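What follows is a pair of complexes built around chain A, which joins chain B in one and chain C in the other.
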Partner chain A sequence: MSIDFRKIEDNLKKEARRLLEAQKVSLVLAYGKGFDENHPMPFVARNVSDVDCIVFNEYCSANLARYLVRYPRGTKIAVAVKAADSRTVVQLIQEDKVKREDLVILGIPVYGMKDPKTGEVIDNKTTCGLYNPVLYDVLLGEEVHGQPVLSPYDVLAEYEAMDQDARWAFWQKEFERCIRCYACRKACPMCYCDPCFIDQNKPRWGEKSPELPGNLMFHLTRFHHLAGRCIDCGECSRACPMDIPLYLFHKKIAKECEEMFGQAAGMKIEDKPVLINFRMEDSDKILE
Partner chain B sequence: MKKTALNQISELAADLMRRGTLIAPVKEKAGFVFREISDAGRVDLNFYNTLMSPKSAFFPPTEDFVRYDKSKTVLDAEGVEPDLKPVFLLGVRPCDVKSFQIMDIHFSDTAPADPYWKKRREAATIFGYAFDVDAPADAADFYSTLKIGAADPEGSDIFMIKKGDQLLLKAVTPKGESLLSSLNGLAQAGAEDEKYFDDYVARGRNFKTRHACVEDGVIAKKLEDLFHKTEFWEKISDACLSCGACTFVCPTCYCFDICDETLFGKGIRRRVWDACMFTDFTLEASGHNPRTKVYQRLRQKICHKYSFHVRKYGVISCVGCGRCTRNCPVNIDIFSIVEKALKT
Partner chain C sequence: MSFEPKILGIACNWCTYTGADLAGTTRLQYPQNIRVVRVMCSSRINPSFIFRAFQLGADGVLVGGCHPGDCHYNTGNLYARRRLAVAKKILEFVGMEPGRFRVEWISASEGNKFAEVVTEFTAQIQSLGPQTKFKIQP
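Up next, the complex of A and B:
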């Protein structure tokens, strides 16, 4: 079975038109034309006349759920989501940043999505490896079945083979390149703190200059702020102009959280984020 | 005019390293980047354009100004002088060379001059390097739209053009002339090479990137008229994440912040790159922030480059290198916004 991108695009347009016409939502978060076909852009349809500008192809890797927190609470929004993006929505609902009743979730079952910068397939490398959205109101294509089940943690093999010192050396080397453009933070749907700790100056938690001490402070803190919350969409890594493999750390923490608490981020609305929830049966491994 | 074999570029690099600091493109994981060279063999001219612009040679991401010690009863402070060894900047594309001239407006041509930029600029010899006019331009580039040729030697001290497996080097300024004549291991170019060079420069002027040319004044006026049309700016900034990727890779973005970094009383006052796309860029000490919305910040960026700058200095502050477009996490293309404005 192959993905019919054209059909998904048509369905997305159809749903957007229906929702806007019936005034069920005030905006639809979708994808629109970019400067060429391989570079589609996140697009907001507010009127029926905007609907024709909607596109969907294999380069629509952006996680649109990132934009949900930008609009005032109570805004009725329809959002097009792929699997990892739907987990974002679930996680945001868990964290009470958006309300389920304000959303119309347009699910996109898909695989073979590509990074617009490199053309590389991102399925389980930088994203979570699921094909079907975990939560949706309308499905814009046929559910994907029969594809190989991919573990999002396969790509960790090389990283996990390193010992502690090698990992420390690895991250120091990677973060030396960081230019502190904060594209990772801004692309991250779970990074919604205002202001971010690194922007505070009383006290200043980390230096602003793009050098190793401040870079480490920023990234290591950000990694841990996302522990148990990262839904593995891979947007941080794709956003990074310096190609720093941020996903490795996020996936490693996600894997440990899953092993310790038996719960992956953003899978069920009823769940609570693991690090703010206490259960008697929780693992004590963290204290050992 | 001189020439050398492209595969002997490391010898030229080694010669330049004996004379001062060499900054040239090297291949790294994320792409080609200008770096200070310590191993001549790493210089690699087989690049399209670098990931980061070469502005960091004159405007480093971090520049130390003053070292101080607050732990004493009297403040102990000492200015930091920039390193003044001769610098050779090798392999700069014509659009990026143009960016130095635009940056000069701010850092040295208008008072007060910035001594750090000025000294670094004076210490540098620029080896410009023509784009390949036989290959199509990258989809993101639009330098010809801004009337910059793919092989314009202006602004370089020495200009380089690839001819098969050879590299032609022609002096453009007296500084370049005296350096070029003293360089070892270069062969004298013949009359045929001279003709090839001149033809190439002319072909570079006719080389087209993706957009048609637009008059600076027309763009500037249009954006000025649109400034208060909030709906327009809101719509174009719907996708913008307000990160600083575009400004940090940009060769003409020059905004900076001055920070004191102190540890146990001792510290450095330093300049670090800042970006108009950051929320705290305009945050005032009172807590008031005149640009809290994404559209206000993106509008500032576009209007500064294509409108305010034209009105104030008569030139667009963009060279069409395409870096912002290539590196935008959500594929925003700056010139598409300008085109949209022109059609509004």
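Up next, the complex of A and C:
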């Protein structure tokens, strides 16, 4: 079975048209044409006439849930989501950034998406490894079954096996290359703080020049801020112009959080994010 | 000259800081390598404090809070426990020696424990040597 992208695109257009015509939503977040086929861009359809510009193909890897927090609260929004993106929506609802009743979630079950930059297939290595959205109102296509279920954490084994000095050498090399363009922060659906801690001058948390100490401060603190919230969409790494494998660190922290607190990010609306929650039975072992 | 580590101690006002006070008033000896900063609760501690301390030259960071369940604000240290556990995992994965960061629950009546923990932690940092990975080189 392969994914019929054409059919999903038609369904997406049909749904968008229906919702906009009935004025159920004031905007539809979907994908539009970029400068060529391989570079679709996030697209906001506000009128019925915009609907024809919607496209969907295997390069539509962007996480549209990123744009939900940009609109005032109470704006009725329809958003097209893939598996990881639907977890984003769930996580944003948990954090009360958006309300469930304001959203129409158009779920897209899909696999074999490609990175527009490299053309490589995005698999469980760089994203969460799910195929079906966890939360949706309308499903635009058939649910994916029979695909191998892969753990998103397999890729970590290689790095966990390194000794700490080798790991330090690896991350030092990676973070030294960071040019502090903040594309990771801009692409991340969970990074919505205004102002970001690194932009603050009082206190000044870290150096702003693109050198190792400031880079380290920015990235490590960002990893902590996303602990238990990162839904593993991999957008940070795809957005990175220097190809720093940020997803590895996020995966590691997500894995640890899941092991320590027994809850993965963005799976159920009723859950509370792990770091704003606690249990009396939490063991002191987690601190060792 | 032997290596004298710089240790940042972040102590909660109600338990560990009072415990440190008790260690002082009962004239217990412990190494002077620790510099104690008082915060109102262990959940006041932003993980960035820890990263920043290492960058500004600390060789070790010791965080002290009330025993779980005994927090002056009822639940502060329970949040802090989760938060600091994640900070510890981050330090570990980036390649910092895990022994340089430690969290201890020390109550106001445990002056002895405070002195013991500081002695033990200082010895541990001394054996690890100076912290060079995070430190900003002038």
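The definition used in the following text is that the second predicted complex is superposed on the first by the 283 of 288 C-alpha atoms of A that agree within 3 Å, B and C clash if a C-alpha of one lies under 4 Å from a C-alpha of the other, contacts with A are read in each partner's own complex, and residues count from 1 in each chain.
The working rule: a residue touches a chain if its C-beta (ideal position, glycine included) is under 8 Å from a C-beta of that chain, and two chains touch if they have at least 3 such contacts.
What you are looking at is a predicted structure, and each value in this text was computed from that prediction instead of being measured.
Novice: For A:K186, using the defined touch cut-off, is the partner it touches chain B, chain C, both, or neither? Pick first, second, both or neither.
Specialist: first
Novice: Touching A:P116, do we find chain B (first), chain C (second), both, or neither?
Specialist: After superposing on A, A:P116 lies in contact with chain B but is clear of chain C.
Novice: A:I269 in the overlay: touching chain B, chain C, both, or neither? Say first, second, both or neither.
Specialist: Neither partner.
Novice: Is A:D284 contacted by the first partner chain B, the second partner chain C, both or neither?
Specialist: In the superposition, A:D284 touches chain C alone.
Novice: Between chain B (first) and chain C (second), which, if any, makes contact with A:C53: first, second, both or neither?
Specialist: neither
Novice: Which partner does A:P42 reach: the first (chain B), the second (chain C), both, or neither?
Specialist: In the superposition, A:P42 touches chain B alone.
Novice: With the touch criterion stated at the top, can you tell me which chain A residues are shared between the chain B interface and the chain C interface?
Specialist: Touching chain B and chain C on chain A: no residues.
Novice: Which of the residues in chain B come into contact with chain A in the complex?
Specialist: Touching chain A from chain B are residues 28-31, 51-52, 61-62, 139-140, 235, 238-239, 241-245, 247-249, 257, 259, 261, 270, 272-273, 275, 278-280, 294, 325-327, 329-333, 336.
Novice: Can you list the chain A residues touching chain C in their complex?
Specialist: The contact residues of chain A facing chain C are 159, 164-172, 197, 205-206, 213, 216-217, 220-221, 223-224, 227-228, 249, 252-253, 256-257, 260-261, 274-280, 282, 284, 286-287.
Novice: Could you pull out which chain C residues touch chain A in their complex?
Specialist: 47-48, 51-52, 55, 68-69, 75, 78-79, 81-90, 92-98, 103, 105, 133-134, 136
Novice: Can you check the complex and tell me which residues of chain A touch chain B?
Specialist: 34-36, 38-44, 62, 66-67, 70, 116-117, 177, 179-183, 185-187, 194-195, 199, 207-211, 235, 238-243
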